[in-house]
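Labels run A, B, C and D following the written order; every chain starts at residue 1.
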Amino acid sequence: MDTQSQVKTTAVKGTDTAREVRPMVKDIYKAAHEARENGKKVAYMMVASHYDEILRAMDIVPLPTENYAGLCAAKRDMDRFLLRAEADGYSQVLCSYARIGLGFDSLRKELGHIPEGSPDGGMPLPDMMIGSSAICDPRFKWYQATSRYLEAPTFSIDVVAPPPQADLNRVRDYYINYQKEQFQGLIEFCEKQTHTKMDKEKLWEAIRLGDKAWQLWYDIDRLRVAIPSPMPSQDHFSIMVAGHYYTGTQKAVDFYQKLYDEVKYKADNHIGVIKDEKYRILYGGGLPPWHTLWIFNYFESFGAVFAIENVYRGFDPVQVPSHVTDPVDFLAWRTWLRATAYHEKARQNSGNPTVEKLLGIIKDYAIDGVMFHACRSCRATTVGQTHIKTELGKYCDLPMMQLVSDMVDLRDYSEAQWKAQIGAFIDALEARTDQE
Amino acid sequence: MSVMKKIEAIYNNRGDRARELHDAGEKIIGYFCCFVPEEIITALGMIPYRIQGSQTEAIDEADALLEPMACPFARSCFNKALKGEYKFLDGFVAPHSCDTIERMYHIWRANTPSPFNHFVNVPHMMGPSSDAFYKNELLYFVSCLEEFAGKKLEIEKLKDAVNLYNHRRAKLRELYELRKENPPRLSGTEITKLLVAGMGIPATEHIELIQEFMDEVRKRPIPEPDGLPRIFIWGNEIDDIAFIQLVEDCGAHVVIDDLCTGTRFFWEDAPKTDDPFDGLVQKYLGTHCPRSLSTQVGEREEDLENRFGYIRQFTADWSAEGAIFYIVRYCDTCELEGPDLKEYLAKQNLPVLMIEDDYSTSTIGQLRTRIQAFLEMMI
Amino acid sequence: MPFAGIDIGSTMTKVVITDEHENILASHIGPTGAEHRHLALRVMEDTIRHAELSFDALDFIVATGYGRINVPFSDKQITEITCHARGIRSLFPTARTIIDIGGQDSKGIKLDSQGKVADFVMNDKCAAGTGRFLEVIADTLGIDLEKMGEISLAAKGFVQISNMCTVFAEHEVTSRLAEGADVAQIAAGLHQAIAERVVNMTRRLGIEKDIVVTGGGAKNPGLIKAIEFQAGFAVLIPPEPFITGALGAALAGKDLFMRGIKPELPRKKEDVRFFS
Amino acid sequence: MNTINQYYAGLDMGSVSIKAVIISNQKITGWALIPSGGNYKTAATTVMTQALAAAKIRREDLCGIGVTGLGAQSTPFDARPMSDISCQARGCHVFFPSARTLIDIGGQFTKTAKITDKGKIADFLMSEKCATGSGRFLQVISRILQVPIEEIGELSLTSQHPIKFSTNCAVFAESETISRIAEGAKPADILAGVHKAMASKVNMLLKRIKLAPDVVLTGGGGEDAGLAKAIGQIIGHPILVPPNPRLTAAFGAACLTMETTSG
């Protein structure tokens, strides 16, 4: 396969605003390098841990190690890092984001400098590492292992969510309280590292910007119910950078405002991603195949467009009660509300919050078929896909397909197998529309 | 019949005793891992049952519902459930040990629900706020279980239960003392049978077995020195003798372990506290599992000592000469912990063999060569 | 004083007889395929005949390899890892790293300054990076295994093979062929893929010079070239890579004998039993 | 529709073998099957020539050619590649209009599909990245047992006590097989065990797409009576096998082409 020609990631009719993301990604690492020079503190961190605003408020420059792994994959420069981690004794089934991070830090330690030609100049040494138990296990364990390669104060916070069947009124207080104490602990850690007290006003400001950006992002996705689809998933997988890696900044707000205007214009004027949109696909879950994002264009060659995704914009805007006046309380409440948003619905219907969310999407976005991406090295986003697919099938009759590879490890990807399945998936969609 | 025969009978027919009790009207509460206090279940007059998989049965049914990149131990347990082998469970309790167990709880519950189903959230972080949270989770668990049991939990009964399980822990530690002998009069294989057998029967019955076995061992003659290496085993779930037996067949004594199915679940007592729940929190959150993150202490050296000091104690006190890691594949936290522990033990000049396995006896053949070579290397 | 080593692999049985000065008196290779299992004893007897010796004239017999477990006529069984190390030590005293590519698995072995095994790794219960992998692919490419190395050497550059799972590599190769890729370049790509896997596995031990490549894979010049490319320096190859395990077994037996360990005679001249 | 004496060709460029089928009026008038070998293009031309010869017609007599299979994109003929699962479904539908579930056990993968009463795909699932569910597994075992692949089906049927594999992975099963032989297990029992293992894998795919009778087995696996029996037993439905199950996709491709071109 001629990889070079296929590492294109944007669709023919992607949004123009999405093209501004690439420089934003570059800036993440540039900012970190500059910070090191100007004596600002840099932190290895895990996005979507609900603590992003705290770092912004404390002027700590976030260095998202997972994103770097995805970047390496998109640039098809992941093998040297993966292999290095494996040579250091890490299993080939361990989270490939972690393997890339560990491999990168290992190589940098051995060389005494950033490995030549690392994508976007590589990651500078962090002043601290901040993990979290949000989403998966490696996200709090990874940095502990990283201490093999670099000495930096390390801290992780718990992010807890109750099961859907829990009596929310019974458990709410202690869940929120624990969450608050976890954030509080992080703040104390950061204060120790930066030798400055956290300014609650700055935190409020960061939260305001963060929520504003996420509200806009939500509004943009709502625009995507339009037929034909005004914005493809390829764009989603780049524009999420603003929401996750620029959380709590004006830059993210401005970006989404601009994107909103463009998507709105396209929706109003029926400008679709592809000329004749035949099928609208829901990206049902799983991390994207960063190594092969062009595969979405392959779907489009059959008139199938990915209308919406169930990944990255992990939660809808929530309404924190007005009696909450402390920003840390606010974060704790927001975390709780985000985690339990679909619990009530689930209890009344399928018992599964994700299924409820997907059913809503399928209805609102006139979805014709669902695709899941199983990643061999990602337990958190993969285990349960089959279950959700099965449960979903009980409430709606749509062709669904689970493609298997990995978010970055190309060794788990088989183009031939994917194309065979995509072909059949398209035929299944066609067969379904014929019957109607 | 000899005590080993008794133990083997239970080991070979796991679940039979629980099934019997269930049919006799007792309530059997199945649970996973080392984070669900058996004391609570017992105090409410029910019988805890530690859910196990099967390394000899191929996983088939579960593949239709659970991705193959999930921990094979979890898949194997679920596979048994789907085949109706856990019908005797009146309750199903899963702690938030790790991603896979958490995901599986929901899938299990949706496909083979028990009359009672509950999920206990367990903090990954350690600290005062975590203790408070876990205590609240336990109290919530109690209230749900009370509802199911149709009775209130009596603090005195809970204290009795704590004593009961501390008694069993003491007995097991006493038994482990015997493993310090060189050569030991009891094999790791025997211990594994005894421990696994104990997971499916009431604690009182297990304690009798332990005592009987210990008495029998004490009567055994002191064997001649054989110069075989003494091995420490680290890993997660080993609820089948196949692996330990293989190590011993290759010419070694397995003398001490840090396994979910070994010291990890019984080594520490639940301290006696005015509020017994405080003791339970200390004991269960104190469990040494890679899924629990200890707060960083100082520079790496110091931090490793803080994380693994207890293992150095084990290997020193039981004079282990080599360590074998048995990691059930897809256990992310173990995969991340392994290299750190290997580095730590290497500094104690303890050779390490790291094995990543699929929780299936069929792969034993190939493991034999590695283990034998490892032992040859140590001579 | 004659010593024998018998290496019963998944496809071949190799026997070597040496004297106490580590000279090879005789060596012989025979098949081990499922139905040839009973031939192990015959291969042994043939070799003994070549050396003009009798069974009980042998001072020590060590069995190694996949089928070493029940060899009635052997005095001891030692793993192929230890035996390869012993064999290589006698052939290349300067060797510190061994890469063994066999039919059933591949291994990396680290030797200390005395030539004893310091650490080792084995491939992960999967055909990737083993001789079997090459067999399967050679089959797919429609060229015979022996020629594969030569053919790949002729290639200018190589086709990237991303799947190491035998089945999927096979699939990938098929589609590369379908795209009209050059067979030689695919073969070269495969050798690179295997070399990368095996060398990287061996890196877990920390690769030190000299490196020796042994086992069936060492007979494949294309693979050797790839391994040298991946490792970054030249490797040594035994004159007869197939028999290093058996040689090491014979010498390990010699070592034991010299330490005063005597075999129990007479030996049971029965067929080899596997895994029972 | 008037298709009298209208000839169509279907070409299935699989990973292991290439098949060409010539049809007239949905009847096979000639076919050929050769190994894919090194070069798809030449193999395709060869197999087509052979099929045409078998049908006693010339290339010009063809009203259309349909191409499918892994190598379809490198077809030397002017034809838009079609999904092989769809072609399989089409082929099955023509042989067995009552077919609702399709199992295709090929050299590389096993594919299962739900098919509509019109012979179109409703849902489908492909085997994992694991050789156990594929014909490859059979090849591996037949090599170890040194029993020709075409004979294993019959042999397996003679088994009284199929051995139980404790793994679902072909690579592990391979070494396990070797040790079972050593333990004196009968080849027939081993094969029956392999068939059971494969059948349970296939069953899992079928469970996920919720199979409905009738069930049709195609691909190389269809020629293995032992496998068909094992699958039938585990799913509790009789297994239909079309004549020359390895040709079904090529046949389906020809039929689909006929329908599209002749409207």
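Just so we're on the same page, a residue touches a chain if its C-beta (ideal position, glycine included) is under 8 Å from a C-beta of that chain, and two chains touch if they have at least 3 such contacts.
What you see is a predicted model; the values in this text were computed from it and never measured.
Asker: For chain A and chain B, which third chains touch each of them?
Answerer: A chain counts here if it touches both chain A and chain B, which gives C, D.
Asker: Measuring centre to centre with C-alpha atoms, which chain is farthest from chain C?
Answerer: A
Asker: Out of B-D and A-C, which chain pair has the most contact pairs?
Answerer: When the contacts at B-D and A-C are counted, B-D has more.
Asker: Between chain A and chain C, what is the gap in Å from one C-alpha centre to the other?
Answerer: Comparing mean C-alpha positions, chain C is 47 Å from chain A.
Asker: For chain B and chain C, what's the span in angstrom between their mean Cα positions?
Answerer: Here chain B and chain C have centroids separated by 39 Å.
Asker: Would you kindly tell me how far, in whole Å, the mean C-alpha position of chain D lies from that of chain C?
Answerer: From the centre of chain C to the centre of chain D is 37 Å.
Asker: At least two other chains touched by the same residue of chain C: list those residues.
Answerer: In chain C, residues 124-125, 168, 171, 174-175, 179, 275 touch at least two other chains, as defined above.
Asker: Using the touch rule from the top of the page, what residues of chain B touch 2 or more other chains?
Answerer: Within chain B, residues 64, 356, 358, 363, 365-366 contact more than one other chain.
Asker: Of all the residues in chain A, which ones touch at least 2 other chains?
Answerer: 88-89, 386, 390, 414, 416-417
Asker: Once bound in the complex, which stretches of chain A touch chain D?
Answerer: Residues 386, 390, 393, 399-401, 404, 412, 414, 416-417, 420-421, 423-428, 430-432, 434-435.
Asker: If you look only at chain B, which of its residues touch chain D in the complex?
Answerer: For chain B paired with chain D, touching residues are 56-61, 63-64, 68, 358, 360-363, 365-366.
Asker: Can you list the residues on chain D that touch chain B in the complex?
Answerer: The touching residues are 128, 130, 164-169, 172-173, 175-176, 179, 197, 200-201, 203-204, 207-208.
Asker: Okay, in this complex, where on chain B does chain A touch?
Answerer: Interface residues on chain B, with respect to chain A: 64-67, 69-71, 98-100, 103-107, 109-110, 117, 119, 121, 123-125, 127, 129-130, 132-133, 136-137, 140, 143, 290-291, 293, 295-296, 299-300, 303, 327, 329-330, 332-333, 335-340, 342-343, 354, 356.
Asker: Looking at the complex, which residues from chain A come into contact with chain B?
Answerer: Residues in contact with chain B: 88-91, 93-95, 98, 131, 133, 136-138, 140-142, 144-145, 147-148, 151, 153-158, 160, 162-167, 170-171, 174-175, 177-178, 181-182, 185, 351-352, 374-377, 379-380, 382-387, 390-391.
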